[in-house]
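Each of the next two complexes has subunit A plus one other chain: subunit B in the first, subunit C in the second.
Up next, the complex of A and B:
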């Protein structure tokens, strides 16, 4: 267990991430999601909006952006200010560092992204509807895959947020919608497809089968974490990118 | 407060200004506020495009500029090859609109922090304010420079589009009608540049960490843009009495995002090309007010931000 996970690193990272002033901002997209869902529930005449709103706004905006901020800061913030050397000087395996930090990111993304998504679903369609449960499962998948990618990015580059954003806007936003082949390598499609497997709703705009999504999601997550840990194990401290 | 005023007065007179920062002696002529602002603005404009810095700093500005020009280039090639004289890209909406918004968003998120966050991060503001510039001069110079940078990004593709079209038309009246169509496009582009630059700089100036500055700019523009489009689409089919009439939600959702507000204002002012939001109809004036509010909030917020920035 200690080769893969270190509870001390987990707790320290959790405290450090939540202790920042920016942590409050994380709740903002989630609050907007819940607020608009409540407003629409109160006023909309038609029942077709929940999958569209919760699917598009939740899975292309709230979840990826929450994961981007959290996933790049669990490891990136320490690399940025140089304090990561103290952590890397301890005899904790680099894989354990990566996986522990990744776990913090997943837990926090579930709290700030997946749970609000579920609550919005409860407001819109009720606590046990297929859509709500599907959204919760899909959101959990999104939290895992996105954070693995962003933790890897912050081990690879000092400008993880910029590259993560470029990836979200260009790859997930543009190519995955236009090019069918890109869907096979899209974290958004994995999560939507898992949600769709439970909800069976074509408005979710999911294009992969459950099996493909699950297998590809696992492969991408493991590969990203392995690559991140590998990069971290030959880590050399640099100044800020000029 | 009174001490601040006398300090500013003294600074304007040239007294009480620290010139010798213990680095290098200089006793030549000293230039005033105007030249300082000009130099600061010119430097900021260059840094918005990564000029004077390494190749890595130029990737995003060059990439965004090239992609922004793509529709204009496609238009020019299509006209030249097929021999038709009808422009395929409108000047006022510069379709695809999503491309313009996305490219502008990436540019703002990547380059606005370059313009303001670096100075915060390296604590050089005390050095700037030790010179004979006033508090408002610094943000104004930065804002002017970044508006100019956005103008380059938005207007140059329009001019490429114009040149690509005009070189293919035969008659003088066709050239004149192209020119008349271009002018509102350029004015609208200026409004886009002003609003986007002001809000982008405001959000970027909140954090000295470039990562968080990038994140907050992107989250603000991306979240509001997606929300506005989504609520417009929901308002069109989930509300309202009939299918032909967009409901109040569809007409008002565009107020959420600066980009959709700009498009609503375009239609209010008489633009007829279809845009990302439906014709606001009777709510048109609200869109004009919204654009003005976004602009004032961005510029005013930036001035306020630098009134109380730490100088110690």
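Up next, the complex of A and C:
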């Protein structure tokens, strides 16, 4: 367990992430989602808008952005300000550091992304249903896969937010919609497929089977975390050059 | 025996060489790492603490390679130069968290002991964000000491400390060195290195320019003159007698006494007693005028 997870790293990272000034930003996409859902509930009369709105806006905008903000800050912020050295100057295995920080990102994305997605579903449909439970499960999957990718990006580059945004716009937003093969490597499609497997709602626009989504989601998550940990184990400090 | 060894260690970034073919052994006690900005001090510390891989050569700490070896931190404590600590934690939370990351049996008492060592007990329950720079340095040192490491590496540890804190930190490092630990610290303040450490490693332009006891290093540089200040019962006559000696290359009579330039440190210090006795002059004061690290350092810089 200690090679994979470290509770001290988890708690310190949790406090660091929630203690930053930008922490208020975490709730912003969720508040917009719930606000728009409430507005549409009061004004729209079509029965198909909840899965369309929550599937498209929730799964392709709110969840990825929330995961991007959180996933790039749990490790990236400490690398940027240099405080990660205090953590890395201890014998904690780098995989445990990566997985612990990833766990914080998943928990916070579930709280600020998946739970609001569920609440917006409840507001839109008036009750807990297969759709709302599907949205919750799919959003939880999105929290896992997206954060694995964003934590990996933080370990690979100091421009994780820029590359993450580019990935969301180009890969998830464009290629995964246009190229069938790209859907195999799309975190958005994994989460929609899981949501659809529970909700059985064609408006969710899922293109992968549950089995494919589950296997590929696991493979991508494990590979991203392994790569992130490997990169973290090579973390270097540059001194002044002669 | 615990030691830090570098054998032909080099580190370069593209075509820029930061550390160039450095070979040194650092044993128990306090060793000062000295050099101007850009000399490669921090790079050397990062190589030793496993935060950089050598481009060529070998770095070992007690026989182990530090690069990609986090287990080494069980025996090594690092105080990084960068002043970024988890500011949202209190001092005691930070040190106790470090103790837990080291999986110490009793992290609370280990952290209390380390905080006492750096005299931060009174401020331990305050958030680090409220600390002065000197206090943050001390809490970083406490975190590096909490697991009682055999090797302690400190990058500019006295930055931001007031004179009293510096003296205390010097005493602490001196005591740790005397207790048999390997203490390596870098500092750009020469008098600190001089006061704390008899052994120095001087880096100039990424190369090891000198190594060992700094006074011995100074004496070894016989190619350059050594300056002495003398006061005696008859400075003028002593000056005349001294200029006739082969070991003396210049004498200047001033208001504060005689300034003597000697080309041979050993010969001059041996001869001066006999000379004053033979001349019937009473020697009141004999001071090496350029024995400070500043002088040693400028000579080494000029020679490299």
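In this text, the second predicted complex is superposed on the first by the 235 of 242 C-alpha atoms of A that agree within 3 Å, B and C clash if a C-alpha of one lies under 4 Å from a C-alpha of the other, contacts with A are read in each partner's own complex, and residues count from 1 in each chain.
As a convention for this text, a residue touches a chain if its C-beta (ideal position, glycine included) is under 8 Å from a C-beta of that chain, and two chains touch if they have at least 3 such contacts.
Source: prediction; values computed, not measured.
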Taking subunit A as the common reference, can subunit B and subunit C both be placed on it without clashing, or not? Answer clash or fit.
fit
Touch check for A:217: first (subunit B), second (subunit C), both, or neither?
neither
Have a look at where A:116 lands relative to subunit B and subunit C in the superposition and call it first, second, both or neither.
neither
For A:8, using the defined touch cut-off, is the partner it touches subunit B, subunit C, both, or neither? Pick first, second, both or neither.
second
Rounded to whole Å, what minimum CA distance do you find between subunit B and subunit C in the overlaid structures?
15
Residues of subunit A that lie at the interface with subunit B and also at the interface with subunit C:
241-242
Interface with subunit B, subunit A side, in the complex: residues 22, 25, 29, 32, 36, 40, 43-46, 48-49, 52-53, 56-57, 60-61, 65, 68-69, 72-73, 76, 80, 159-162, 165-166, 169-170, 173-174, 241-242
For the complex, give me every residue of subunit A touching subunit C.
2, 6, 8-9, 12, 15-16, 19, 81-83, 85-94, 233-242
Going by the contact rule at the top, pick out the subunit B residues touching subunit A in the complex.
53-54, 56-57, 60, 102, 105-106, 109-110, 207, 209-212, 214-216, 218-219, 222-223, 226-227, 230-231, 233-234, 237-239, 249
Show me the residue ranges of subunit C that touch subunit A in the complex, using the header's touch definition.
13, 16-20, 37-46, 49, 51-53, 68, 70-74, 77-78, 80, 82, 84-86, 88-89, 94, 97-98, 100-103, 140, 143-144, 205-206
